[in-house]
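Handing you a structure now.
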Amino acid sequence: MRMPLRPRLLPIALLALAALSGPATQAQTDKNVSDAIAQYRAMLADGNPSELFEAKGEELWKTPRGPKNATLERCDLGKGPGVVKGAFVELPRYFQDTGRVQDLESRLLTCMATLQGFDAAQIAATPFGSGEQKTMESLVAWVSSESNGMKLNVPQDHPAERRMYAIGQQLFYYRGGPYDFACATCHGEPGKRIRLQDLPALNGNPGDGVGFAAWPAYRVSSGELWGMQRRLNDCFRQQRFPYPGYASDATIALATYMGVNSKGSVSIAPAIKR
Amino acid sequence: MKHRTLLLGAGSAIAVAAAALVGCAGTSETTQSSPAEITAATQATIKASFTAKGQAGLDRLDQDEIQKICSSPTPPAPDIAARLAAEQAKTVKYPADGRWLGDWKSGEKLAQDGKGKTWADPVDKPGGGNCYNCHQITKTEISFGTIGPSLYHYGKLRGVSDPAAPEAKPILEYTWGKLWNAKATNVCSNMPRFGHEALLDEGQLRDLMALLLDPKSPVNAD
Amino acid sequence: MPDPMRIRAQAQGGNAVVRVLMAHEMETGQRKDASGKIIPAWYITEVTALLNGTPVMTAQWGPSVSKNPFMQFTLKGAKAGDKVTIQWQDNHGDKRSDDAVVS
Amino acid sequence: MSNRRDVIKHSALVAALLTGVGWLPRIASAEALPHSAFDAKTLDELYKALGTAKPTESNLVTLVAPEIAENGAVVRMGLSTTAPNVKKLLLLIEKNPNVLSASFDVSPTIEPSFQINVKMGQTSNVYAVALTTDNKVLFAQKEVKVTLGGCGG
């Protein structure tokens, strides 16, 4: 017996595209495509593999490691030694002991050096996704997950924090390289896209779970957990700039700028991204 | 020729700025930084933060006049913008042999290609046009950016039915100029200066011209 | 030793919805490394689900299942307190078994 | 949008895909089919050869897949069936180097309904296929478009 035939389902967006004749219907095309992409993302939202990294990060935090065979449980992320909950949404911030404004990854390097005896410079020079940088992926996943759902509140109390913001703002607009690109080229105006990817305007507050509030994130393209350091590194690569040092002041200044601009937005880190 | 300078070219200024940064982080917590101080600190931060990698040398951080004036949330004053745009316009080299259009199929490939010029790209490999990153171009490619305007029906909308006809000449010149040096018409344009910065060669530019202006190109035919 | 899975089993209207994340490269055998050498295939080939120790489902996977695989299914009649076990095995012979309690 | 030719094409394709991955009895005529043979004339023979195992598009099988995948590395698929006596549920991706993505053997204790993340190398038809204990082969299909994302660099 033949089963009743179901009409072939042609994707709605493509049908709509086939009916298009000119730029007059651009808005409709955009809507169909962005609806389809939204559907794709919504389907992935449940079952974010970042959970695997979070679990590993929590374990790594509590495991004695490094030349000093110590855990990270006394690490001060800004809210006192060992306090992880809520720490992420207040980073970058100024730390008295190092005399620096530090983001999460820079601060974790400090703790890995002082508490565990690792060579911070060596870890900073390690390629992403290998060696202790892999440890970092899991640590940032866990630490950021402990602030999931909280509002970003990157401080501007200390003069060094305000100065870092001001430097970050200049860096954001700094055009250079063979393509004349700045961060602002892609992220200076709301409502823009590169290919199909929405571009948050990072000179303002793009809202809950967007832009700075969506990192660290699991990248489906590489199956790795990207912290803000790797995110910025790849932005600079595509900007055709030279190589930004891991946890360098330029990256921390930009993180300060974006973080402060996003004040009050809810962090959904670790998110899932294409 | 391009003249590139650091915002604060002198090494001594950078040393001072670096010292100021350290000072700030340490004791002088009540001092408010002046704009000049911040600019110096930004330069120092850039110097201290980036290293050369692959083909991406540190000279890429040295700004020319256009990059410098356009590194601000506020656009340059109209008179300055006009002067600089006029200077950029002088850099445009039109095709010597009078051939404006190449092959739109090669142009489409180039428009799709977003590679080239990063620290990870080989120096000898020609870069792509990156066009779809920012522009809608053909009807069939739905993965396009919106940083730049739609180029769909580019030639058709401008009435180019025969690119060889004399009346098409101004459009050919304008389009070539835009590709060669977008800053000639809009001084702080987001678009790279493909000819001026030698990102694409004349043959590649011709192929992109064909994609936009050839009546047989899907840009105009579909 | 492979990393543990994340298993969430939630009672829902007389059934239990089970969501599983596995830590695995799921290398297809189609990709090349920087030197142009094929990266050998390495992927989970078989997955088994058990409810209170009794097998209820076996799955065979190919290399096109995504890296760090996600799988969801529904166990009929499972209730809070029941034990769900997930086991996987890959083409290298590596294995992993993890439990979760239906909540 | 549906015509007989399309129906035949999809049905034959599923049959060929299944034969290729070893889930259907290997039938000489089907195996010998060149790829270009996916057209009606040759396929009538294929139908006969497949007998009861003729794949049939059926609304008893459901495939939930996105219209467009922002990235082919992870695409969420949902496959389920309400057909009686189902023993296996399969997920096939036509254009992947390995056509068979996943196969689930079901028992009475589990719903014949699964979600899984899979990779897609390019835009392709995707098939959810249910095999029953009485050798019926039912399927649902959908095209998923894989786009080029990011900056392309």
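Think of it as A, B, C and D in the order they're written, each chain with its own count starting at 1.
Please note the rule applied: contacts are C-beta pairs under 8 Å (C-beta built on N, C-alpha and C of every residue); 3 or more make two chains touch, one makes a residue touch a chain.
Small disclaimer: the values here were computed from a predicted structure and weren't measured.
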Selected interface, A-B versus A-C, where C-beta contact pairs are more numerous: A-B
Chain ID, smallest distance between chain and overall C-alpha centroids: A
Rounded Å distance between chain B and chain C, as computed from the means of their C-alpha atoms: 48
Distance from chain B to chain A - Cα centre to Cα centre, in angstrom: 26
For chain C paired with chain D, centre-to-centre distance based on mean C-alpha positions, whole Å: 22
Where chain B touches two or more other chains, by residue: 118, 130, 132-133, 142-143
Residue list for chain A, restricted to those that touch at least two other chains: 13, 33, 47, 194-196, 220, 223, 237-238
Junction residues of chain C - those touching two or more other chains: 66-67, 70, 72
Chain A partner contacts - residues on chain D that touch it in the complex: 1-2, 6-7, 10, 56-60, 64, 66-71, 73-76, 115, 117, 138, 140-145, 147-153
Touch list for chain D against partner chain C, complex: 73-76, 93, 96-98, 100-111, 113-120
Interfacial residue positions of chain A with respect to chain B in the complex: 13, 17, 20, 22-23, 26, 29-30, 33, 94, 99-101, 158-160, 162-163, 166-167, 170-171, 173-182, 184-186, 188, 191-196, 199, 203, 237-238, 240-245, 248-251, 253
Chain D contact footprint on chain A (complex, rising order): 2-14, 33, 36-37, 39-41, 43-44, 47, 194-197, 220-223, 237-238, 274
Of chain C, residues touching chain A in the complex: 3-4, 6, 19, 21-23, 25, 66-68, 70, 72
